[in-house]
Each structure stands twice: as C-alpha cells, then as structure tokens.
Amino acid sequence: MGFEAQKEKLAAISGDLLSKKKVELILSFTSGGPEGNAVPFFMRSADEVAEMRWDDGCMPNLAVYLKEFGGREGKIALVAKPCDARAIAVYISEGRIERGNLYIIGIECGGMKKKDGSAAQGCENCGVRTPPVFDVLIREDGTTAEPVENGERIVEMPKKEKQEADKTGGAENPAGENGKQEEKEYNVSEYRENKDKAARFREELKKCIMCFACRQACFGCYCETCFIERGIPDWQPSNPDMGRKMMFHLGRFMHLAGRCVECGACERACPSGVNIRYIIKDIAGFCEELYGCKAGMEPAGVSALTAFDTDDPEVGFLEIGNKDSREEENSGCGLCGNSGTAIEI
Amino acid sequence: MEDKMNSNAYLPAKAEITEIIQETASDIDIKTYRLKLLDRGGMDFMPGQFVELSLPGVGEAPFGFASSPYEREYVELSIKKVGRVTEALHNMKPGSIVWIRGPFGNTFPVKEMEGSKILVVAGGLGLAPLRPLILYMLDGRNREKYDDIQMLLAARSSADFIYRRDFEAWGKTGGVRVIKTIDKPEDGWDGKVGFPHVLLEEMDVDVRNTYAVTCGPPIMIKFVSAKLAEMGIPGNKIFTTLEMRMTCGVGKCGKCNIGHRYVCIDGPVFSIAELREMPGEY
Amino acid sequence: MDGVIIPKNKITETVGILMNKYRVVAPARENGALVFKELADPEEIVLNDEPAYKSPKEFLFPQAEEILAFDEKGNVAADGDIPETILLGVRPCDLEALKVLTAVFINGKFTDVYFEKRLNSTILIGLGCISEKPGCFCEERGICKDSSGACDIFLTANEEGYAAEIISDKGRKLLDELNAGGLNFYAPVKGANAGFLEKDACAYGDKAPHEILEITGDEKSVFDNTDWGRISERCIGCGTCAYICPTCHCFEFYDAANKGRTARYRRWDSCMYPKFTLHASGHNPRPSKKERYRQRIMHKYVYVKHNFGYVACTGCGRCVRSCPAGMDIKAVVKGIMEGTWKIK
C-alpha cells in the first residue's frame, strides 16, 4: 500500500480545493488524543493540510458527520475509504444528502490496523478495496482516476482477485480473528438453532452498559427518535437487563440489515469493548447471500429492507411459531435466555 | 417553609381529584384540578412555588400552584394538555388518585413588594402561577400591605381565558383594576383588543413605585418586560416565572439549569435583572 | 499518621477475610476489561497501576436504581437494604470525584437519601497511582495522584506490600476488626517514617496552584463568546464520556409497571443526549450538539463549582481515552482560557 504516495496526492488535492475555495471544509484525518491516534480533522484552510495524516491507522468513519453536514451550507469534501464511500452510497440511495454539495475524494484502502498490528475492527475480512462512489479516486499507488458518467463508477474487482481477497481477508490483512479466515456460515436455520451463538452473544452483552455510543457512532442510525426511545409502549430500559439489551441490539441490527457497511465504528466507540459486530457481520452476509444486497456498493441501489420480491426467501425469525421452534424454552425466539417476556408492560 | 412530608424528597403523597374545572373553550385545552391530599388537605406553600405530580406508570411533571396559599382544604393546579402525563391527567375524572410532592422552588418576593403599587401582566396560561400571588395580595390579611393593583390579563381569544369566574371579584376589590384584552376583535367582546405590551403604553403606571409581575408565552414575556423596562421600571422590580423540563425538582438531577441557576432551586421566579445575566438557553 | 503494612503475599487473604463480612468491590477483570466489580473470589482482585475504564460511582449511584414503588393498594414505599460494602482500590481522582457527588447529593436544602444511604454503608479504601496514564491530568486539576484524604483508609504500594494509612474513624474501626481476628501479620506503624506520605505533601512537581486547570472569568462571557460549534464539531454525541465519568451525575426518572406494581427507577441520563432538555411542548433549549457540548463543559467547570464548591472534573482521563472522536476536555478548557476559541 503506497500510503506515502497517496498522502502526497491527497495533500495536493486538498490544498487545491481549499486554496481555490472550491469547498468550505474538508473532512480528513490527523493525530490526536493521548495516544496520538487518528482522529477526524476538519480542514478549512490550505495551511492546515500539513497536519493531515493518511496511513493504516486512519480508522474513523467520516461519513457519520454527514448526518449533520449533508447538504447544509456550502460544499464540503471528505476523504472516503471504501467503507466510508459505501456509507455515502447508502445515504445517496436513502436521499439523505445533497450529492451536489459533496466532493468525495475516494481513496483505495487495503485495510486499517490497530496499534498492535492486528486488523482494525471491520477490516478483518473486507474485500472491498475501491470506493464505489467518488469524484476523484486516489489509487493505491498514488495515481488518480476520474469517475465516469454522473460522478459514479462502480468498480467490480475481477472475479479471481475477489476470491483471493476473500481468502486472505483483503491484501495486507491475512490474520482473521483466529489467525485464519473464519468459515462463512450463512444457513439461517442452522444459525438460529445454534445455541452457542446465542450464548456467546449474551456473554458479550454482559459488558454492555446501554450507553448508545454504538448507535451515535453509526452512520446508518440517523433517526431523530430511535425506536428504543419511542414512548408507547415504553421500550426504554429503566433497568438495563439482558432482555432490554438484546432488544436494543437485535432491533438495531435488523434496522441495519443490508445497510451496515462494516466500518467498525460501533465497536470502536464502545467504551466497554463489546464485540457487537459479531452478529451483524453475519446478518450482512445473509443479506448478500439471500437477497444479493451488499450495502453501499451501488449509490442507486436499494437496501435489503426497502425492496420486496415475492420470490424472496423468508427465513430467520419468521420461522418462529412453527412446531419445532415452540419446543424450545418457553416462548419467543429464545435468544435472550429469558423465559417469558423480555419487556414489562 | 418546610413541608412535613418526610425527609425523602422523591416520595410523593397521595391526593384525590375532588373537582375538575374546564377553563378554556378553545383548542388549547386547560383544566384546573382541585386536589385534596389524603393526609392533610392542603399544602403549606408560598406564591411562585410548584409541585411534581406523578401518575404511576405514566410519569411525573412539574406544575405551579394555582390556588391561594391560605387554602387549607386543597390545592389547585391548572394544566394544559400537551404531552403524555397531561394527556393521561385530562382523561381522569374526579375521585381519581394522583401523587404529588413539594412545595419546591423559590417564591415571589412578597415582603419586598409591600408598600408598592403592583402591576400584573398575564397571558393565557401564564395567569396560573400568578394566581396564588394575586389571591395572597387580595386576601384580607394582606390587602392593605400593598398599594393599588392593576392587572392586565391577556388571552388569544375570549375562549382562551382562565379563571374568568374570578375576574369580577378581583375587580370589585378596593384599589384593584382589571383590564382584559384579546388579540383580535370579537363580536360581543367588551374588553380591550391588542397585545399587552402595546396596551401598557395607554396605562397609567407609576414607574417609580411599582413592582411588575408578568408571565405568559415566552414571546410575550420578552416584549412585555422590554416595554416595562422602557417605561422606566428597574429590572430588579420586574418578575417573571419560567418553566423548564424537570426531573427531581430539588437541584440534583442537572436537568433544569439555565447557566448556573437551577430553575427548581434558584427559580422558577426570576427578576428581569437576573434574566439579563442568564444565558439564552431556555 | 498511622496505619499498618499489609504484606504483598497477604493481600488475597485479607480480602478474603473482608469478604466474609462485607460486600467487597474492587478492580477485577471482566472479559478482559478492568472494571470495579463485586468480588466473588479474593484471587480476582487486580491492584496494579492500570486504571479501571469505568468509575466506581455506580456502587454509590447505580446506573438504574429503584427508588420507590406503587403497589396494588396504591401505597408508595422507598426501597430497602444496602449491604455493607467496601470499595477497595479507588484512585485519588475517583475519591475526589466522590466528594463532588457528595456535595451535589447531600448538601443543600434537600438530601438524596439513596446516595446518602449507600455512602454511609460504604467504607472507602483508596489506592495511590504510581504513574500517570495517557490522558490523565489529575495533577493539572490540582489533585495528587498518589495521595488523598477523601477516604477511610489509603493504600500506597511499597516494596513490602501496601502501607494502609488510617484516615478516618471508620477506617480505624475496620483495621481494628481485622487485627482483632487474630491476624498478627499487620505491623501497626506510627509516624511519617513508616513510608507513608504526608497528607499535605504531594508530587505536584513544579506546578504552582495558580496553574490549576479551570475556567475563570465572567460566566456569560465565556458562554456567549466561545466558538462552541467549532470546539464540538468532532463530537458524535454518543454520551460515552458521561457514562464513564466519575463526576457525571445527571439522571432521569422512569416508571415501569409490572403486574400491578409500578416501580420508579432513577436512571443515568446525559446532557449530551438530544432529548435531555426536551419539553413536552416540543421546545428544546439545547437543540443541537454545540449547545449540549457547551453545557457539558460549563456545567462541569463553572456551574457545579458555583453551586456546590467543586469543579466536576478530576482529571481522571477516562473521557479522553474512550472518546471515539478524539475529544479532549483538557485541551478544550485550556483553549478556552487561552482565548483560542474566542468568537472573533
């Protein structure tokens, strides 16, 4: 990965945009915090460009700031890794931003790394190296490419390259979670019946303190009033017990099905170190396998939850209520481990 | 004025709704609830203070007293239907049980105001927190402590007034003048027409010896207090009462502050002089 | 100054003895993270120089606490028994933070009886820090990282083990209890030459008191003339800072009805959440992120100081370490005082 070369090009492009006042603001990265981690950087003048950084520690998802900036005053630019660009593509398809007010500096990426050298959250198995939407693209080697027609070009990796990428988790990140690629299990019924999965999730959620940092950090969560805060009935956790935590996380995952771009922002935001992407990773896999939806790969695309075809396979929780599942535990889907209701009325 | 509820400020006392009076006849639905505390009848409070009223399972909300501090048998709260708790309350009938705790907050400076002329300017539901003050001043025990009292009572339309049943009695009290005004002309309306801050110009106000008290929609408070100041009443002699979202009511939960002032402890009564020092986050 | 030395190899045994009578809450690992938790086994305890990522405030001010209940007969009752607790291994920053919480909840015309009950049932055993961690700035806040008098017993690590200094009568009583159990390996020591730190001495280094990090000046001027929008633009409003902060204390009440019994819970809330100040009418005095971030800083550094006498920030550094967007409260306050964020 030619980070140096890319950074040089990025600095040149940013400097040009700002000094010629083509944009009011560029979202990029700089170092900050007590450990000098990469943090979001709001550049407003060409002399700030020198403080910018671009390397394999640039994990934050900058698209999340478009929740506030998208289409407001003035034109803004941002540095978009493939996951960031996919997030923007989701925003475009959901009508959340003014495309004309956004200048996307796409940048090819082989995966970010944590300080200890292991893959960053979300980067372990990512095979998407080229942003699917951009106004200018900075390739791995620092050269640039222009978009074709309407500022969008979807870059399909050649099949063989993709398979290789899948196996090794994308270029420079050969280490998956256990040092090898995890087997992708996308059999929904089997998934649901595998009690170990549920037990493991409950174990993870023990750490959760329901602070909602994951929701705030997620670009896809932009509802003015989150479902968990709706009043009637009161889903609000008065007491954050396991049932309520399950309700919040599983509900959020369903709302993100087909929209999550696996940027890892949720896990990074979590102060308790909960591995919440554990299930949503698999939901994203299901959506791709069952419905052909991979979030954000097409700006004009639809997400799994917004389109319906009578041929769509109906799996997952819709299987509840058939005879076999009733024999398990008392009621419900059995995921939270509570017999009986998870909410109090 | 320590109310002898108990030392736990979050624990409410049971009260029964003995009467519900429909105040307004418009789309702004305001009712006055007469509440009798089961253990003591009324509450020991001073004008300006408020209670936290609970409906178990629904929630809790702050409401200013609207009855006379001398009433020993009950307290009254005037409540507009605007959210979850108030909607549930508006669906209740006399005989229902509610829970209240208080009194909380500071009071109008009734001692400081003695010997002065008093000007009350109220808009819509803003008359509710001022009613305890009016009833206090007009009470036989206190009337002679205050000079002339003028009341400019405003409402959107004639159907939006509250406490109409009191206006005549107030106007008949010695040295008290009641002027009613609505926003736009109406058939059969014999009072004034126009916004209060405009009508103030026509009124005879002895600016050097008057304490003014005003409450109503935020925009009204803004214009009226500006007009009063322009007329020459000093900021520390103009008082208003603010509302904020509250939870504990006793200065712990950090929800109701405007700058460093907690509306539940340093308010809800504030002078305009204080308001000028306060940041605009209300 | 007097106290005892607890030898290193006797720590676990001591904790075990304490656990027979008290609920012992101390730093321990949970799924890899260091937190304060109720010990199930004395071996779990971790007393090194690592900071627990959450503060121990939840044992005095729980995240969700039932404060009263309405039952079928319509009665109201405030809930019951708090076990006698030892909060062990609390750092000076967290001890000073408890002073702030005590001032807010107990001083004044009204007392929060729930906090008071828990505080009275708790014995605080502090633990000094050896080094500052990245993000810590307790010293700049005028708090000594290795000593504190805001507890019942204060532990300082030395070569033999821990010097346990008796600060209060409660602490003395506890140590007497331990000694009365027939354990004679506690060598009672008196005086400054026992390796204890003088209560007033502190490793301030060359920082004079006038350099203490705080916000001074006219409140309204700081409020109005600071570019809060620019300061807070990186913030994503997640509220993590409030959850792990040892001095954050804002809360909300929620009712939960269940089979004829309605419980009222007091639950943590955060000024960083959009609905914190939302009125029923729909009006919100703090409609966007910049007003809310302004409230966080002003409340901590100005309002709590004005109303209760303490700055509600003890430099523990947790918010700085945990913020996913790299917000740094120390840099913000410093910047405000240096005029960096003045609206031109």
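Just so it is clear, A, B and C label the chains in written order, and each chain counts residues from 1 on its own.
Here is the rule we use: a residue touches a chain if its C-beta (ideal position, glycine included) is under 8 Å from a C-beta of that chain, and two chains touch if they have at least 3 such contacts.
Fair warning: this is a prediction, and the values are worked out from it, not measured in the lab.
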Item to check | Chain whose mean Cα position lies farthest from chain A | outcome: B
Checklist entry - Where the centre of all protein Cα atoms falls, which chain's Cα centre is nearest to that point? => result C
Checklist outcome for this item: Here the gap between chain A and chain B, centre to centre from mean Cα coordinates and rounded to Å, is 51
Checklist entry - Where the CA atoms of chain A average out and where those of chain C average out, how many Å apart are those spots? => result 34
Checklist entry - chain B to chain C: how many Å between their CA centres? => result 40
Checklist outcome for this item: So chain B residues touching two or more other chains come to 84
Checklist outcome for this item: So chain A residues touching two or more other chains come to none
Checklist outcome for this item: So chain C residues touching two or more other chains come to 255-257
Next on the checklist: Touching residues of chain C toward chain B in the complex: what are they?
Outcome noted: 67-68, 70, 74, 76, 78, 104-105, 108-113, 219-220, 223-224, 249-253, 255-257, 262, 264, 266, 269, 271, 276-281, 285-286, 291, 295, 298-299, 302-303, 306-307
Next on the checklist: So in the complex, the part of chain A that touches chain C is made up of which residues?
Outcome noted: 32-35, 37, 39-40, 42, 60, 64-65, 68, 203-204, 206-207, 209, 211-217, 224-225, 229, 234, 236-240, 265, 268-273, 344-345
Checklist entry - Once bound in the complex, which stretches of chain B touch chain C? => result 7-12, 14, 54, 56-61, 82-86, 97, 99, 243-245, 247-248, 250-255, 257-260, 262, 265, 277-279, 281-282
Item to check | Residue numbers on chain C that touch chain A, as the complex places them | outcome: 30-33, 53-54, 63-64, 66, 133-135, 233-234, 236-240, 243-244, 254-258, 263, 265, 267, 273-275, 289, 317, 320-326, 328
